[in-house]
Structures are given as structure tokens and as C-alpha cells.
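Please read through the structure below; I'll follow up with questions.
Chain nomenclature is as follows: A, B, C and D, assigned in order of appearance, with residue numbering initiated at 1 for each chain independently.
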Amino acid sequence: MSLSILIIIPLLTALAVIFCRNAEQVKWTSLFGSVAQLAVSGVMFFQYNALRKAGEVAQFVFEEKHTWFSFMNINYHIGVDGIAIAMILLTAFVVVAGVLVSWNVSHLTKEFYLLLVLLSTGAYGFFISLDLFTMFFFLELAVIPKFLLIGIWGSGNKEYSAMKLALMLMGGSALVLMGLLIVYFGSAASCGAPTYNLIEIASHRLDFSTQMFAFPFLFAGFGVFTAMFPFHTWAPDGHSSAPTAASMFLAGISMKLGGYGCLRVAVYLLPDAAHEYSWIVVLLSAIAIFYGSFATMMQKDLKYINAYSSVSHCGFVLLGIGMLTKTAITGAVMQMVSHGLMTALFFAAIGMIYERTHTRQVEKLGGLLKVIPFLSTIFVIAGLCSLGLPGLSGFVAEMTVFQGAWQRPETFYRLATILGCLSIVVTAVYILRASGKVIMGPIVDEHHTHLSDARWNEKLASVILLLAILAIGTAPFWLTDLLNPGSELIMNQLTAR
Amino acid sequence: MSDIGLGHFLIVSTMLFFIGIYGFMTRRNMITMLMSVELILNACNINFIAFNKFLFPNQLDGVFFTLFVIAIAAAEAAVAIAIIINLYRNRKSIDAEDADMMRL
Amino acid sequence: MSASTIIFYILAAITLGGAILAVTSPKIFRSAIYLLFSLIGIAGLYFWLNFEFIAAVQVVVYVGGIVVLIIFSIFLTQGSGSDMKDPVKIRSLFAGLAALCGYCLTYYVIQRTEFHPQLEQGPAEISVARIGEQMLSTTEHGYLLPFEVVSMLLLSAMIGCIVIAIKTRSIK
Amino acid sequence: MSDSLALLLVPALPLAAFLLIFLVGRVYFPKFSGILGTVIMLATTVISMATAYKYFFVTGKVDGVYQHLIAFKFTWLPFSENVSIDMGAIMDPISMVMICVVTFISLMVHIYSLGYMKGEDRFAIYYSYLGLFTFSMLGLVLSTNIFQIYIFWELVGVSSFLLIGYYFDKPSAVAASKKAFIVTRFADAGFLIGILVLSYYTGTLDFETMIARLTVPGSELTAITTAGFLGVSALTWGLMLVFMGGAGKSAMFPLHIWLPDAMEGPTPVSALIHAATMVVAGVYLVARLFPIFAISCPVGLDVVAYIGVFSSMFAAIIACTQTDIKRVLAYSTMSQIGYMMFALGVAGYGGENGLGFTASFFHLFTHAMFKALLFLGAGAVIHYVHSNDMRDMGGLRKHMPVTHIAFLIACLAIAGVPGFAGFFSKEEILTAAHNSNPIIYWCAIATAALTAFYMFRLYFNIFWNKEYHAHHSDSHHGDDHHHGEAPWSMKAPLIILALLSIATGYIPFGNFVSSDGQALHSEFHLTSAILPVSLAIGAIIVAMLFYRKKNAVPDKIAGTIKGVYTGALHKFYIDELYLFVTKKLIFGIGGTIAAWFDKNVVDGVVNFSATVGENFSDTLKKMQNGKVQSYAMYFFTGVLGFVLLFVFLWDKF
């Protein structure tokens, strides 16, 4: 199949949205487009599995290459491996749910959906790119719509948040660009001519000094996207001001761009530097995990709670990447997928509750299970997934990270892992505190006694995400089978000194 | 003609020029700024004449330039004063500090 | 020291002194008068260099034209006797410094440069007729075209002045 | 029916019940859900008993040794080639005993709840949660893989959380459910690290492989015993951390604080989860890893023994002072689990040394019967009186005769009066303790006496003491308060369990369960039984004197040992200590610091850089002020700069 379909469908959807005449048409068009995309992603997943089963050994399949700017050796070069497919499936799920959740956006509906679709285009493009420049192009494409989504449809201190988010992410992508340029010019020595081609750079290992030079830029740059400590502060403000769907996209997709970039570009292309710097990565992620969870405990706003817990959870992604063992890397990708789905579900639940109660303050809410049982159940399930309950995706991912992380025998790495393990207790504390107050207990506000439960679109969105979470949580082997070849190749790159 | 040479004239004109510059930058009244500009123009004129006299005595280019400059200076003064008067009518002030409509 | 030298220094002193006073005097009308002296001093310098025609033009246009224009505009815009607002302190300091630096720099350049005068001597006196002929000639050293351009410029400036200065009725 | 199918069905049926009721039944047939759940549970019970029967009497024994059979196993989550989480079902004596206990008690509770929970709003939800719990517990006991046990460990934790918080609009219930979850979660974090330690050195997560590698000398065993941290070997660390998980679930001191509060849940739930099944998971876990403990890490076993005996005694003392009948039972549960723990702790591997192992499981088995009975009886009482406090009760023997008799049998059983089930199992434990460690033995004897005392304190306070007046059930309950003792659905389980509380004692348990799989014939020494039995009977008599009729003696005695009494009444202030350490110290200070740091330092830097940028741009903006003269000045300065550049630098090129 042609991978470009993954970009063409959203673009066509965007085009169709532009020509829609009213809000209803816009919504249905976007929904149709995103469902089509989900279907295509699913088909791709099965085709990929079939190919692998048939003995396909190439690292990337469905490759396509067209020259874009020949004088700088920039190509439109795309292809996927298992890791990319997992990320694409995640994106497709989150996008469908996001489109459904936004059903009653009444202000500038067309523009809202247009931006959502554009954002998803950026994400898809990023995940399938094999050319560093193309990758960067799509990364940028995913940043701009966020600024507008928060700035226009946001709530609270939205201008500040939008500005902060856009500036920090732009700063991050500036670092990424620097790193990419270092890699590009550094590749002249090893590949003969400067190139952006990921496969080519990987197969001709860059020289050590270039790696050491480029790694901090790339890792910090992508780290900003994935809310790495101490570059995480855009996340809480951004999430809390963003409209529901934007929060979902932000936490579910956008933060994953960073994680994927760290893995695919920083670690894969710069393996020697990754070894050298791994202690810094582990240190930062251990701090993020523990510190994020403690910071979460003091939050009073539901969205802040989830945003800080995202910081903590994304710490697991970086921890897994920083440990540089195969299991840990697989775990990191699983954690990305799992966290993407779970946090999207959580944000969706929070958004739906907010839409009804008009408050997100924990102390102003209470006893919602009695009034809106469906939404409350979704909230609790998302919370349980976040605290790593077996049967839901969070557990599987975290355990894989821990198991992989423990393979590093040095005391420092062990301590980081133990810190990670202990953070699941803290996670339990804040999740239960929040859900104990909001969902259970007596009803606090008497206005809340007549709330209406979820509508069809909200139910559908929740169920779609929930199914994906359960699919990973109850039968994780398909996901590991999908990811393992990819992480094995990264591992080979890392071990071949 | 004794011992006064080109250098002397140039120094006089330079001094005049920078006095004009100083005036232009410090005077807040537009009319005095205009006067400063006249000084600057005159400093140039002196240069033209001096160069013509000392370096190319058998040509007249310096003279012509001086003439043209004088003509243009007259025109400039006329236009400037017209603007100043118009400004004064509208804002009751010809202080350069007050004339900041260009900003934003 | 010959008399002509002394005369040069006197003229230069008038010019520069007038100029300095013109840009520093707190009263605008006086400032205009000092400017007048300065301009006359310049005219004197032209005389000293034997450019009588230019000197005459200088006197006629500047002294008789522009300064008068300026004085009229002063009358039109404000009382002549009152003090003007003081210049902004920090800026005048800075401007003085800049002017001084600029002067030093230029002085240095003038000192460093060697001028090479064309050796043949020209006529001691430049006749008005020669100026007139050359200005309207179309030969190599003719200035007809610039002359025409300047006349167009003057015309347009005149029209421009009228347009700008004309009182529009709508604005009251 | 093949074993693998049967053991697949055993956990799958309750799961199906959960899904069916939660997704469909809740909406479409809420009333019928209870019956549905019970029927499914009955089927599960039958299947599991049949499987156990087949194992014990037909297939399990080869050459006189019970085998570890794997009914089925599949890879669930592969980590690397050798290390993977497998899902499977193991068949060995302890798992077979456990599935019988779990399914049977669960069935009793299902039946009992039909009456007890009747008319509740969330009746269907209740049954679905029961199904979820039963599924998780069965998955736990059938685990073949240490990570599988961890998975189900968490799942029973969450179902316990859901059931404790069943009355979710009651803040105390919510707090209790949170507490239970978080405390056990903390213990589970230790468990997880323990798993990581063990799996790292053994290179497997599979129980059998792990046990084999850690009991037979080999490279793995050498590696794990030589590697160490803080002077303790990695093996001990690993096992202790795993035991920490077990201690958390089994409410061993100091991780016991959640159990008394967990009584906020509906009483049948307490009977099922917090008395008979989930809380013994810790015992089961230690038993599962018993060969490693016994052969390679005796130090660990000593720790288990001392923690067990201390918890047992500690809980018994507290139980003497509590007035909430469910809390008394909760502490009694903790005490009895302590018994099982130290029984494991004093056991050795194989032969006569393994008596403690057998005794522990024997006690687990009998305890499940009479403790469930006690809770269900207490539930019936609470159902009747609408209060948990024994001061509101008294003289109920005439009002509820069936419950009274059942409760008495249970009390006699737990007190260890000869002829009842508890006597046999306790006697075996005491013998095992006597054979190995005198300190533990004497503590155990003392605990046995205390047990008899507080149980009969409870019994007399409920059923004798003062006459019962339904004074508090006035207007709002009206006439239908005196609805008689209890419906048959509640009485039937009481009767069945009462009979079993006597009968199970006569099972020759050593024939089936022993540390090494071979039959263990324990002789019964009459002499050794004299002391504990006489102490127990003495304690019962004391309790009778104190509480049979209302009198002032107990208060006087409480007055004379005031310090101890107040301490015990306040559970020795462990709760307060925890609250202080966690809420104030760790979460309070840690959270505040983290939040402060985030707001002021991390965010501060971001905002500061933004402010600097803004101020800089403001300065630049001021230069663009629309004033000609300023522009002129910049222009002039610029020209000057260029002139300088050209004059001085240009020359050089």
C-alpha cells in the first residue's frame, strides 16, 4: 500500500472541511475522514504483520522516496516499522476520539476542525518520515495549530498558556533543527555527502565527536516536546487552558512526537553519544517521574492533575529510552502508546465533566457517580489506568519499562528504577484522592444533582479509547510483537560499537 | 592668497557641519531644526567652492553644485515651513517631541 | 600674517560663532538673527575666494530669502521673545559628544588625505557670463539638464507648499 | 472435562459474570443479577471442587508425591527470550485447596448477599464486583508465574477497593477504600522490586524454574547470594521485598492499618475478602515460594515468623478493647493470619520439619470457614440491629436463635475448644512452634488465650449481657423493623458454614498438603494440647464472668491497666503515626516542595526569560519612538560607525 495515503486523507479532509457549508457538514466530514484514517491504519497494521510473517526482513516497509530539494539532498522519503505503526494507530484512535469529543464546539466550528485535522496531518507525517528534514517539516506543522487551538478556543489564562506553549515548543524545535543540521553536515564525513536520509546515516555511523555534539541538541529539543524535566512547564498550563480535544491531542499525540523523536533520531542515529549521555537522561527522567507525581499531589484543578501526571508518565518513556536495553525501549514505546490513549481518555472525561459542572476544581466537585455514572466510570477507569492497574494498558507498559530498566546493573540505574517503582504509590495517592473526592463521596454542589450523562458522541469517543486501552492491557503480546523488531534494530545499533 | 589653503576651509566647513548636526539633534523647535539644516547645507557649499577653487580652478562644477544646492535649499525651506505651519495649525505646537504621529 | 589671512580668520569666526549661537540661543528670534550673521560670514568667505557671484547669490537667497522666510514663520507660529523649551539633557550631551567625535574623525581624515591640485592656474575671476553660458550649454561641461530639473523641482516645491499650507475649510 | 479446560473455566466464569452483569445486567435485569451471579458461582464451585477432587485422588499423586502440574500456560507479555509474563494455571496441593476455599466462600457470600443486599440501589454492581473479585482471586491462586500473581494481586486490590467503597457516598467508606488501596499499593511496590530482583538473577519469572534455580546449587544461586546491597544478599532482599507485598495484603504489622478500616464495606464483602480469601494471599505467596525461603534463605523465614507472631499478639491485644464488632473480627483476622504466617516461618522443608507448612494451610482452611461464619453472623446481627457497635446489642440470643448457635460454634472453633475445627489446626501450629522456637511458642499460647477471651467477650456482649430493646428503631423503621431473624438466603450459609466449622477439623490435612508433596502424618499429642485448651477454657470462663451479665468488673480492670487499655483502644496510635508520616511529612512536605519548586524555580526560569525578552523588546521599542531627532541621532551614530569602520578597518584589507 502507499503510505502517502496517511497524509493524503487528512489533507483531503481538511480541504473538504474548507468547502463545507455548515457546522454539521464539517463535523461529519471530519469524523468520516478520521474514521477512514483509522481504517487505513488498521489495514496497514495487518498488512505489516502479514509482510513480517511472510519473512520480510527490511527494517522499514512501504518505503517511498521522491526528491524534494535536490540541491540540499532533501527527499520526501517515508516508510514505517513496527514502532511507527504503533504510533500511527495511537494517533488514529486519539484523532477519532478527539473529533467526537469536540462535537459541540459551536464557536468557529470549521476552523476548529480544520486545525485539528492539520495537527493530525503533522503527526502522521512525522511518524512516517525517514528523511530528517521532512520529519522536521511535519513537526513544525504540528506545532502551529496548537497555538491557535488554545489561543482561540481555550479557557482560563489562554493567551499566556498558548504563548508559553508555542514559544517553548518552538524553542524545542529550534534545538532540534540545530541538531539536525549538525547531523546533516556531520554525515558528510561518514556517508560521503551530507544527507538527511535516516537509514543512510544509521548505516554509516557518524563519528564520535559529531554524535556527542548533536545529541544534547536533539535530545533536549525533543525533550521539550515530551515535557522532560525541566522543560515541562508548558504542559500544565497548556493542557489546562486547551479545549478538550486539543488537550487530548497535545498529551496524546504531541508529547509522543518528542518521545518518538528521541528514540528514532537521538538514540538511533547517535548510539555512542546515547551511551555517554544515558546517565543524564536517566537522572532527568527519574526526577521527572518522582517530582511530577509529587507536584501532582498539590494540584487542585483536574486538568493540572492530569497534566502533571503526564509529566510523570512521560518520565517513564524517557527512563525506558535512557536505559538503552531492548526491553526498556519496547517498554518506552508501549508507555507512549498507553499514555497517549489513557491521557486522552482522562482529558476527555475531565472535559466532559467540566462541560457539565463548569468547574474543574476538585473541592467544588463531589459524588458525581450518582449523577453521571457513565462519565464517572470512564473517569475512574482512566484513573486506574494511570495508576497502572493490570488489565489496562498502563500496567503493561510500566512493567515492561521496569523490567527493562532493571537490566542495567549499576547502582545508579537501579536507584532510578526503584524511584520509578515507588512513584506508582504516589500515583495511586493522587489518583485516588482526586477520584475519591470528585466521583465518590457526597454531592457537594446542589446544582450538580441534575446533570445529564454522556451523549452518544461522548460515549462513542470514550468507548473507542477504552477498547484500545483494553486491547493493550489484556493482550499485550500483539503490541510487543509489533514493537520488538524495531527495538531490536535500535538495540543492534546501540550495541555495535 | 598667502597661507590659507584648502585645509583651512575644510576645517571651517567641518566645524560648521557638526555645529549644524548638533543643532539638529538638540533643538526641539522645528524652525531651529530647519536652521540647523541650512547650516549643514552651507557647510557643504563651502566645501564645493573650496574644492573648486583649490583643486580645479579652471572648472566651474563646484559653482554649479553650490548654485543648485542653494536653489534646492530654498525650495526645501519653503516646503518645510509650509509643513511646520500646517502642523502648528493642527497641533498648536511645533515641538519635535510632540510630532510623534509616525509611531505606531 | 597678511591682511587676507586675518580677514579669513575673522570671517571664519563670524561664521562659526554665528552658527554656534544660532544652535544654542534659547530665544528663537535671536537664533534666527545669529543664523543671519553666520550666513553673511559664509558669503564673506565666498568673496574672499573671489566667487563674487556665488557670494551674491548667497546673500540674496539665504539672507534675503530663507532667513526672512524663517523669521516670518517664527512670527506666525509663536511669540519671538519667549524662551524655547530646553533641549533634552541627555540627548544634548550625547549629540555634543557625537558631533565632537565626528569632527575629530573628519579632521583626522582631512589631515591624512593628500590633495593634488591641478597645476594649471584658472582665471582669477569667474565671470557671470561664463557661468551663464556654461549653465545653459549642452556641451560636455554644460549644466542645462540639471538646470531644468532644478527648475521643475522649484515649481513642484512651490505647488507643494501651496497645497500643504492651504487652509482647508472642512477642518475647523 | 480436561484439567486445562476446567481450570480455564474456573476463573473465566466469574469474569464472565462480572462482564455480563456490569455491561448488560446492570441496565436490563438488575434484580435478576444476584441470581445469575450465584448460579455462575455455583457452577464454578462445582467445577473447582471436581478438579480438586480429581487432582487429590486421581491424577495428582505419582509415587506418593503430589506433583506440580501445569494445566495450561501461554505467553502473555514477552520481555525477552527467557523472561516473560505467562498466564497459566498451576495444579498443586496449595492451589487446589485455595480454589476450593475461594469458590466455596464466594458461593456462600453470593447466596448470603441475596438476602443481605436486597433492595440496595446498586445491587447488580455489587454482584459484578463480587464476580470481578472472585475472578482475580482465582487467577491469583492459580498463577504459574510470579508476575501473573502480581497482576492478580493488583486486581484483587482494586476489587477490594471497589467493594470497600461500595457505599461511595459515605466519606468514611471512601477514605477506607483509599487507605486500603494505597497501603497495599505501597507494599506492592516492594513486591514489584522484589520480583525485579529475583527475576534479574534467575533470568525467569516462572515459579517452577525460579524455585528450581534458587534451591539447587548453581550459577544463579551463587550469583544471587553473592550479590548484595548494604550487606544483605540479593536473595534476602528479593524475598523480603516480596514478603513485604504479602505482608501488605495479609495485614501484617506494620502494614495492617488498612484492614480495620476496610470494614466499611458491606459485611459479606468483609467475610469474603477481608477474612477468608484475599487477606490470606500473603500466606499463599510465602507458601508458593516456600522452598526458596526454607532451603536458601532461612533468615527470611525467621523474619516471617517474628512478624507473624508479633502481629498475631498485637492484634489480639487490640481486639480485646474494640467495641465495633466488625473491627474486633478484623483484628481477630489479623491475629489468625499472624498465626498462619509464623507457622510457615517455623517450618522447614520436607518431612517432619514441614509440619508448620501443613499446619498453616490447615489453619487457613479452617479459619476461612469459621471466620466467614463469624462475619456472616455478625452481618445478620448488624442487619437486625442496624448498628455495628456492641454497646447497642445484647440479649439477642432469643431474637435470632439460628445466628446465635452458628456464632457460638464459630467462637468455639476459633477459641480452639476441642472437637471444633480450629482446635485441630491451631494445635498443629502450636506443635510446630513448640518444636522449633520457644519464644514463638509462648507468644502463641498467650495469643490463643487472648483469642478465646475477646471472642467470647464479643459473643456475650452480643447475645447475652443486657436485654435487647429495639429502642433506637422507632419511627422511621416502623413495624417492618422486626422482620424476624433473617431470610433463608442468609440463614442457609450460616448453617452450612457452622457444620463445616466443626467438620473440616477432621480432615487429615497432612495427607494432602505438605511442604514437599509427600504425605505428612502428624501425631496428635494429647499432652501438648492440655495447656492451650485449659487456657482457652479459662479465658472463656473469664469472659463469661465479665460479660454474661452487665457488671462493672471489666471497667474496673480497664482502669487498673489504664495505659495499656487506652493504647490498645487507640490501636497503639499506629494510624496516627502513619498519618503524620505520610500526610504531613512525605506527601505534605514533599508535595509542597515539589509544587513550590515547580511554580517558582522551573516555571520561574521560563517566565523570567520571557520577562527579560519582553523588557529587551520594550527597550528596543522605545528607540522606535517616532521622534525625528532620535532617529537622526541613531542615523548619525550609525554613519559615524561606518566611517570609522571604513577609515580604519577598510585599509587593512
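The rule is simple: contacts are C-beta pairs under 8 Å (C-beta built on N, C-alpha and C of every residue); 3 or more make two chains touch, one makes a residue touch a chain.
Given the structure is predicted, the values throughout are model-derived calculations rather than measurements.
Note on interfaces B-D and B-C: more C-beta pairs are in contact across B-C.
Centre-to-centre spacing of chain B and chain D amounts to 98 Å, using the average Cα coordinate of each chain.
Separation between the centroids of chain A and chain B, computed from CA atoms only, is 67 Å. Chain geometry summary: the mean Cα position of chain B and that of chain C are 5 Å apart. One inter-chain figure worth recording: chain C and chain D are separated by 103 Å, centre to centre, where each centre is the mean of the chain's CA atoms.
The multi-chain contact residues of chain B, meaning those touching 2 or more other chains, are 21, 25-26, 28, 97.
Multi-chain contact residues of chain A (touching two or more other chains): none found. Residues of chain C found to touch two or more other chains are 91, 94-95, 98, 102.
The complete set of chain-chain contacts reads A-D, B-C, B-D, C-D. Of all the residues in chain D, the ones that touch chain A in their complex are 75-80, 83, 85, 147, 150-152, 154-155, 158, 161, 165, 168-169, 171, 174-175, 177-178, 181-182, 185-186, 189, 192-193, 196-197, 199-200, 229, 587, 590-595, 597-598, 602-603, 605-606, 610. Across the complex, chain D meets chain B through its residues 624-629, 632-633, 636.
Chain contact summary for the complex, chain B toward chain D: residues 21, 24-26, 28, 33, 96-97, 99-104.
Listed in rising order, the residues of chain D touching chain C in the complex are 629-630, 633, 636-637, 640, 643-644, 647.
Those residues of chain A that touch chain D in the shared complex are 164, 167-168, 229-230, 232-234, 291, 294-295, 297-299, 326-327, 367, 369-370, 384, 387-391, 395-396, 399-400, 402-404, 406-407, 409, 411, 417-418, 421-422, 424-426, 428-429, 432-433, 436, 439-443, 475-477, 480, 484.
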